[in-house]
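Just below is one structure, and these are the notes that go with it.
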Amino acid sequence: MNNATGVAASPLDTARLVAVELDGRGAEIEQARGLPPDLVDRFRDSGLFGLALPRTLGGAECAPLTVVEVVEEIARADPSAGWTLLIGQGAGFLAWLDPATASEVVAHTPRPVVASSMAPAGRGEQTPDGYLLSGRWPFTSGCAHSDWLMAGFVVTRDGVPVTDESGRPVQRMAFVPSSEVTVVDTWRVAGLRGTGSHDVTVTGSLVPREFTADPFFEPARLPGPLYGASMFSFLMTMMAGFPLGVGRRALDEFHVAAHRRVKQPAGTSMAEEPVVQAAIVRCESRLRAARALVVESLGRLTEVVESTGHAEPAVRARLAASVLHAMETAREVVETALHSCGASSIYATHPLQRCFRDIHAAAQHVAFGQEALKRLGRIELGLPAPVFLV
Amino acid sequence: MTATALRPLTAATALAGAVTAFAARAETERTLPAELVERLREAGLFALGLPRALGGLESPPGELIPVIEAVSRADASAGWSVLIGNTSAFLAWLDPAAARAIVDRTPSPVLAGSMAPLGTGELVEDGTAYRVTGRWPFSSGCRHADVLMGGFVVTEGGRPVIRDGRPLMRVGFFLPDQVTVHDTWHVAGLSGSGSHDVAVTEAVVPVGRTAVPYSEPSHHPGPLYRLSPYNVLMVLFAGFPLGVAARALDELTVLATGKQRVGARETLLADPLVNTDLVAATAALNAARAGVHAVADEVWRTVESGRELTPRLRAELAAATIHAFDVGRDIVSRAFRQAGASALFDDSPLQRCLRDLHAAGQHIAFSADSRERLARTWFGLPVPPAIFQV
Amino acid sequence: MTATALRPLTAATALAGAVTAFAARAETERTLPAELVERLREAGLFALGLPRALGGLESPPGELIPVIEAVSRADASAGWSVLIGNTSAFLAWLDPAAARAIVDRTPSPVLAGSMAPLGTGELVEDGTAYRVTGRWPFSSGCRHADVLMGGFVVTEGGRPVIRDGRPLMRVGFFLPDQVTVHDTWHVAGLSGSGSHDVAVTEAVVPVGRTAVPYSEPSHHPGPLYRLSPYNVLMVLFAGFPLGVAARALDELTVLATGKQRVGARETLLADPLVNTDLVAATAALNAARAGVHAVADEVWRTVESGRELTPRLRAELAAATIHAFDVGRDIVSRAFRQAGASALFDDSPLQRCLRDLHAAGQHIAFSADSRERLARTWFGLPVPPAIFQV
Amino acid sequence: MNNATGVAASPLDTARLVAVELDGRGAEIEQARGLPPDLVDRFRDSGLFGLALPRTLGGAECAPLTVVEVVEEIARADPSAGWTLLIGQGAGFLAWLDPATASEVVAHTPRPVVASSMAPAGRGEQTPDGYLLSGRWPFTSGCAHSDWLMAGFVVTRDGVPVTDESGRPVQRMAFVPSSEVTVVDTWRVAGLRGTGSHDVTVTGSLVPREFTADPFFEPARLPGPLYGASMFSFLMTMMAGFPLGVGRRALDEFHVAAHRRVKQPAGTSMAEEPVVQAAIVRCESRLRAARALVVESLGRLTEVVESTGHAEPAVRARLAASVLHAMETAREVVETALHSCGASSIYATHPLQRCFRDIHAAAQHVAFGQEALKRLGRIELGLPAPVFLV
């Protein structure tokens, strides 16, 4: 990451520069239903797609909080771009591959953009050479510009799912180069429209066993706070900046509208309205509190991983809970801002409108669903829970 | 039996399937398809608010509200278009001969446009007509309207005429050939309602085809026209959120009955987080509906018996409609959230409910300003002047 | 004309001033003062639910609910005591001769106690009576009750009798001289309702004075007794939150009309944060009230015409009452908050509304369990057994 | 502050010890309507009443965050004791007196407990020797055990209020020894009952001019982060721990109840209920986020004061907003916990019941009112505002 004068810029400085460039491109991004090629190149060239790539593989391997702040900045500028950026950090999953294999990946495609679709929607038939993989995966954000796909699959033998000692089907993730991946154009949506989250298919590709991993149950092969807690914590870290950035943008717009809109016949601005004053304090406090909790929880997790090399489920659950809370808070803040800003925000091109559609869409991600909430509740209450999912 | 002979609610229910079937096309065309408009017109659904003397149905609120609810439940954009089309009720404020001429030209005319005084108009030399220029946004249904309203400030020698310290305002009722539609309706919500800007340039409108519904009484004796224009609008609005929110709950129930969430053993419907929320939402919606009807019925009894509507009762009617919007908005957000990722796609009615109801909620009638005026009216405090008085 | 000849609502309205005047004393005595009980009894307000054949009024829900609302608005503890006293409706489930004997002894008897099977009872040798021992908490009005219910598990040789896999349960109707009141009612909310524990020790109750309202039909033909006991209770409950919340809004309105806040120039009522919230709260309360009446009327039409109540309709009735509690609770909290520091003192009705409605909301009928059972009934899912079936 | 082994204990360690001693004394504290003498002594002797007393005057002058954590710990153990403790830090206001006078105060009464009532409810007639003070001040928490009273008054000359150049009445605060203060027993309330917040009167006491100050407009005479921002920031710092502690206690109780309460007939604990799991995660996240924001805002303020000696209104407003947010969050969390914990929490002695009454009462303090919210909104929006009140 170098700025104009050749001095290495911090990722956050870079993000701020790129954020300015995103200004006014929202409609185009939505129209394209994915990030336009020049912006993909910008994210690649500026190193923003490499925040989570392990340092040993040529990446930036940023501090977790830095990732959050960069994603926040880009999501604030354009939610779809922010989502594409955070999902585009899938190169971090290379930390779960055998280091030699991971090196092969980056030798083949330096600083790779890795799309991911973790649901075990594929099947991989065991062969002596690896897995014969076929399947169709939905919601694969950024698939069109990715170099690799990480995709979940069920292991089969003679077409029958292989089960482990407890009788459950064995699942793994396969890393497949994009040359073997077909994009099926399905992404016709109202929210996160610009993320190109199409379906992808793979048909009968042979994936060598070392190009697969089981990150839900296996620890990462590399140390460091990004990977050392759990795969799920890695994912939540990538996501945390999104609601914070979108919520912040909604409040930016709320501030602007409060000063710009004039109440008739008094001629005073909306900002003079007690109802608006109270709403803006409440929204600001809620969003800032949500952010402060993310920072605190992530700080705690980082500290624990750095000092012990791993993190207990309770500490991971607190990070996840803080990100869920950020998402819920952002949704409320965006709705309040939208409702307070009147009819002009009804047009599709209005940033608030996009915040509304995009935050609602992002909150539908399975990581933010009620199963996740219950899981975190069980851990909070000290009950048995599937801890591989935190 | 012809379609128009059916009770409006029966007709609306009979048309519901067709309305739903046209929903996607309405979104694509960004206005109600002409074919659907014709069927709604034939079914008499654009004549609900029109005075009986002008060939309309002059439906009491208790009958009108469920009709709008039924159409809105089938498709929000259609429901919105039908309710706005029924502002033909405002023809009751027009000189009876002029109104007669309009319905002679087009029986059960569809109205569109806005009373907001965004134009200017000056008497022509012989004093028989106004020459009006102006542009009005958010003119739902303008593509198929037979009459378009436009509020204007009366000028003399190019200067606003001031009466009692305020500019003198009138509303012109224009014919489609006088009006230019500016294609502005690129929106996320209520996309199928064709709420473009409309404009007239030096359009000559006979004095008789202008009215002062802001402050003058109507020319028709029916009890519906004893309501203030604001209250007429509130009655027309009331069924909309009830229908859209009911649709969202319908959709969620269907989805939850069939769907299992990833990692869950039972259907979504068996999850107490889902089923108790569905019940609570339905109870809240039923209460909002009952609340609207209770006050609408009281209003109706009052005007039917020839008594004046007190400011408090007028305010209560508006408050019941606003409450229905608030409850409805909350319900579509919750229902969307419960539905998970499958609700993201453009062909999911749930996401359309979300977009449509939040868009409608941006109408100025639900702004902080309007709520404050309403509250001041309710409590008998002095109310700052505005176009519409409660 | 005697007081009892008045319509119950007229009587309740006439007594409201007295009820309010006794409120402080009721709190001090931690039960309804005997003098007030007598006046309520004379006014017929304890005979609302009693079968006509037993000298009661057998009021339809549409008449009963406003009576409870009016008394609760005057004082929550009195309203609660009146509604619980009217569980004399459950005499309809008793053997008619035994019920007759009870009302011959005390016309319009006041009931108290609990159907929860917290006692045990065994048939005496000749099989004519049960010998019951048990203790029941939360027995509102036990100090002045004429009959006290207590649920018990039937034993044989000291062991619970099991039928269809569940313990056999009955409800005994005890006379005051059989019952010991344990002074336990030291509470913050509903303090004036005298909801102490009651206990019986080896009390002999004739078989005829026991009943199985949990599952057996009533012995009276009136439509009110076609409702399940749970639904009868829900009808009795419904007016309570409506009255208490209305009182809170009354009090806030009076306060806000007269009060100026420190540092503010206008009255509290002129503050849009206050007046718009008052209007929104009133609209929500009006809707909750209308929602309760709409479903209660539908229930009444159904049973009057001899049709069975579907599980869905029974669930809707309960859901409407629960919604009224939820709305009411929210309203008293908001109203209290708006009122500022003057509402802190014991003699402020607003803080009493807050304490009383939140206390009533702790009733098991509003627990997460109950809501879940209700929702499962609503959607036709299997419902785990419980004392009360929806 | 020394522990058993004579080693100086940190204030937080001391608070934890005292918290344990408060266990089980809640009923007694409420009964006494004020802190019992032995606990007053304990607070004095342990130095807990001296957290905010300037170091130069023999106090601990703790770091702002330490004060928050100590108050949080005590409020968690007993809300009334927590409130009494925080209000009892009025010795911090001595920082606004002339240092020589302040030294005189502590010479007269070392480590004084200073009660305060800032509303200008008194009148002080100017004389050559000082002010002749008379007045009655409400809500003077802890007045019965305080050594001094700081009380607001309007300056008069010949009985007429003196005004400043802008025409506003001149107001000051007087420091009066408790020997000249009469307590009027008025504190009969439901919430914060154990805080002895009676009215106090002063009748014709002569207060030398140097024993008065105008902390709203004059900076403190002593440096340090507790005093350097503003009088209002000092107050908000004292208060911040209260909602955090009460909210935490409510969640402690929620956890206990979730495990203890058993659902019939399943026999599983409430903790197994999805609704409870979701509620507990939400409550935990909200309260933790509110706390994180207080810590962040206070940290920022402390840093600014330490480096520049003062703090801009915007920084102070953020602290105030974070404390308002903490209070609002605690109210919601306490209500959710109460509603989730069933009927046993209805008894006055149940800790949740006390949390409910106390948090509602504390939220009525003028610092948390809507005028404060509007003020903070104006500052957030960059509008003119009375910055002496932040």
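Per-chain residue numbering starts at 1, and chain names A, B, C and D are given in the order in which the chains are listed.
One rule holds for everything that comes next: a contact is a pair of C-beta atoms (placed from the backbone, for glycine too) under 8 Å apart; a residue touches a chain by one contact, two chains touch by 3 or more.
Model, not experiment: these values are computed from the prediction.
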| item | value |
| --- | --- |
| Farthest chain relative to subunit B (centres taken as mean CA coordinates) | D |
| Contact-richer chain pair [B-D vs C-D] | C-D |
| Subunit A and subunit D, separation of their C-alpha mean positions in angstrom | 42 |
| Separation of subunit B from subunit D, taking each centre as the mean of its C-alpha atoms, in whole Å | 51 |
| Distance from the mean Cα position of subunit B to that of subunit A, given in whole angstrom | 40 |
| Junction residues of subunit C - those touching two or more other chains | 271-273, 276, 368, 371-372 |
| Shared interface positions of subunit A, touching two or more other chains | 273-276, 278, 370, 373-374 |
| Subunit B residues touching subunit D - in the complex, by the definition given at the top | 271-273, 276 |
| Complex interface listing, subunit D residues touching subunit B | 273-275, 278 |
| Complex contact set, residues of subunit A against subunit B | 119, 138-139, 186, 188-192, 263-266, 270, 273, 275-276, 331, 335, 338-340, 342-343, 345-349, 353, 356-357, 360-361, 363-366, 369-371, 373-374, 386, 389 |
| Complex interface listing, subunit C residues touching subunit D | 137-138, 166, 184, 186-190, 261-264, 271, 273-274, 329, 333, 336-341, 343-347, 351-352, 354-355, 358-359, 361-364, 366-369, 371-372, 384-386 |
| Residue numbers on subunit C that touch subunit B, as the complex places them | 253, 257, 269-270, 272, 275-276, 278-280, 282-284, 286-295, 315-316, 319-320, 322-324, 326-327, 368, 371-372, 374-376, 378-379, 381 |
